[in-house]
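Naming follows writing order (A, B and C), and every chain is counted from residue 1.
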Amino acid sequence: MVAIEDIRSRAKELLEGGMVRAVLGFRRSSAGLLAEPTFVVASEDVASLVWDATCVHNLALYLVNEKKRQKAERTPDTRPLAIIAKGCDSRAINVLLQENHVAREEVVILGVSCEGGGVVDTRKLADALRGKEAASAVCDDTGKVKVATASGEVTFPAADVLADRCLECTIAYPSVSDTMFGEKVDERGFTARFAAVKSIAAMSEQERSAFWDGHFERCIRCYACRAVCPMCYCDECVVDSTSFIVSPMTTAEEKANRIRWIQRSTTPADNAMYHMVRAMHLAGRCIDCAECERVCPVNIPLRLLNTSLEQEALEMFEYTPGMDPAQPSLISSFRDDDPNDFIR
Amino acid sequence: MSEVLETPVQAKKEAQEFEPKIVAFLCKWCSSAGSDLAGVSRLQYPPNAVPIQVMCSGSVSPLYILSAFNKGADGVLVSGCHPGDCHYLKGNFFARRRIYLVQKLLKFIGLEPDRFRMSWVSAAEGTKYAQVVADFVKDIKALGPQRKLKARN
Amino acid sequence: METILKKERLSEWVAQIGARATVFAPAFADGIWNFCAVAADTKVEFDHGNTVRPAKGFVFPQREVLYRFRQESGKAPELMETLPAAAPTVVFGVRPCDGRAMVRNDKVFTCGFNDPYYQARRDQVVFVGLACSEPPSQNCFCLSVGGSPHSEDGLDVLMTELDGRYHVKAITAKGREIVEGAAALLDKAQAADGKAAAKAHADADKHPQRALATMEKVAAGLKEHFDSPKWDELARACIGCGACTYLCPSCHCFDINDEITSNVPLTGERVRTWDNCQFPDFTMHSSGHNPRHDTGARLRQRVSHKLLYFVENHNIQQCTGCGRCISHCPVGIDIVRVATEVSGQ
């Protein structure tokens, strides 16, 4: 278990030395159990940083958002941003580096290994607690999660309350970092990789079809999945109703004739279109932080779509996203012996 | 796109037998020429496929494929030059990888795999093009209309 | 009109109403609580927190067709009316915060101008409320925004859970109709029952909740600190999704689009869909200029609309304290904390 004091003292050094413009980490939230992202700017505020099983967010997202924010500032602070990154988050940073969306010198990575643990899934936790509210959740080294409630402490086996992606995770330590906290643990002994996606693939075609129809029908298109995804950084998305990229040269005709690939209406078919497009766009880029699934207010198992393609990429093309910023991307590369037998 | 889809098979809509609508994205250099050859050779094959000429099979975005289904296509065909014959040297290799993933994703959400197909058809293969379309139409007829991704109205 | 319903007869009552109307009740499906249509002979029990999606969808659905159109080339367009043929609907288990939100939605859609689509649905729906015996969520703050766990505003019937039975109070004419229609199932409430319900309500009020300063103080504070740098600071973590507003029981902004189904002849529908002030395209001008260009400005709009502008226009807060926007925010942005910190209370 990584001690928060170590992270705090490194954050303090960075801030006091003026080496970074902010340290992006986690702090307690007034909204509930989960920690919330925080930008620590003053070195005396590092005490607010926390590290436990409730630090679920993939903070790599803010490298993208801060870039947009800085663009709008007249005199942006160009010092790097320090960021606390778990294994999955660091892979997201690698993909952003690979796509030249951020430069390595723009970020100081405080990598934190999840070691033998991970982060909690609040829905699983709510089930396990049967209505009681959790006040804190800490993962220990023995694969147990200690949860404090108003009526005392309860201990659950990790498999009961950790997020699926953590149970299936095989690389729970940072792939890229400037300072690393914690040990690299390779033997985690939870679930096999791709267990969830395999169980869906094993269904009959009709079952699978009905399964997804039921889920897509519920979508309210709040786009939380898109907004929370560090890889969804396009200036303009096919589902947006207007063009964001407008220059003084853009004619009224061009604006009016913008193709509406997907209607704003939340019909099952249009919802399915949206999720399909997003899944395709994330093929070979999704690093399985599963934030899309976590933030979905109506509980659509979005992670499955992305991991199904991740599995294909691994098994057919031996491609793992986010491991090496120098590797060519899945979609912009090919091999002569790629599968060909599906083509007539 | 809806406009393109409606015209050639609209008249048959009333017919008792289900006539599938197929959108065929054909690369300009091989498959489109192949379909032309099928035409000038007076080969008989079903008229269900609406050809859309693209510059390269590698330029077919997954969005086009999904959108074709959304606008009411019962099947979508992407056809390009044989590997090694691409006019742009490697466009069809990119297409192959991408289309493979699209196909797997569509299968994963429960769309019948027979509704989406890729083929290599060269400019000399008029007969092959006719055969590919004939097979496709036959398979889709067995499946019936596509409703999963079709917009409600 | 006050009556008593034995708990074991709840399903019977629901089934009886189901013969004449579509009945919805909270159900736990796919990992969330939602209002689901009750099929015949389903057992209905109330042990829900608050539903993820609010009750507003029954009167203001996410997608509403306003009319259909068709135009042959060179001719005048034909318009076809599509007023909803709303079927009688009874919604059980509505929490008082959602009921109070309905009063706010009525102000928007029926005061001054009467929106026929909204009204057609509103006329046909009966909201049967369920008083909260304890806060269904840790982010509840109805008491701070003028409500209560047993508020009757906007509801047609209010049910209060007592020991083994429900105290059922009809509030409106629509409510009396469904209560009187079930005279065989519902017993007349005695004075003791009324007292027991009052005690249950008083007990519910005692549960601690999130706290916000008074309406006047918050509104004055927000007005004074319109240009506060706090907005940007608090919204720095905002990811710009629309969960907060789509899940809000009183958010009512919409967009209108033409959905073209065929170009020749030009055929399609004019459709109204929910819109969301947290999306950048909400205020995007066709010139490319966006007056609310960042998440700080959008957060200010959302919070100020609820707690300042609505107060100025209608003298009530629009927020009813259900806490959904707090619980479902992906990054923990908390309207109570934001309003408190910005308004300096």
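Points worth noting:
Operating definition for what follows: a contact is a pair of C-beta atoms (placed from the backbone, for glycine too) under 8 Å apart; a residue touches a chain by one contact, two chains touch by 3 or more.
Quick caveat: nothing in here was measured; it's all calculated off a predicted structure.
A summary of chain positions shows that the Cα centroid lying nearest the centre of all protein Cα atoms is that of chain A. With chains reduced to the mean position of their C-alpha atoms, the one farthest from subunit C is B. Centroids built from CA atoms put subunit C at 46 Å from subunit B. Mean C-alpha positions place subunit A and subunit C at a centre distance of 31 Å. Inter-chain centre distance (subunit A to subunit B, centres taken as mean C-alpha positions): 35 Å.
Looking at subunit B, one finds that residues 151 touch two or more other chains.
Among all residues of subunit C, those that touch two or more other chains are 259.
The set of subunit A residues touching two or more other chains comprises 263, 267. Partner subunit A is touched in their complex by these residues of subunit B: 62-63, 66-67, 70, 83, 90, 93-94, 96-98, 100-112, 117-120, 132, 135, 148-152.
Residues 29-32, 34-39, 57, 61-62, 65, 69, 72, 123, 133, 214-215, 218, 220-224, 226-228, 240-242, 244, 246-248, 250, 252, 255, 263-267, 291, 294-295, 297-299 of subunit A are the ones touching subunit C in the complex.
Taken together, the subunit C residues at the contact with subunit A in this complex read 30-32, 34, 52-53, 62-63, 138-139, 236-237, 239-243, 246-247, 255, 257, 259, 271, 273-274, 276, 279-281, 284, 286-288, 293-294, 326-334, 336-337. Subunit A meets subunit B in the complex at residues 200-201, 205-213, 238, 261-263, 267-270, 272-273, 276-277, 279-280, 283, 304-305, 308-309, 312-313, 316-317, 330-334, 336, 338-340, 342-344.
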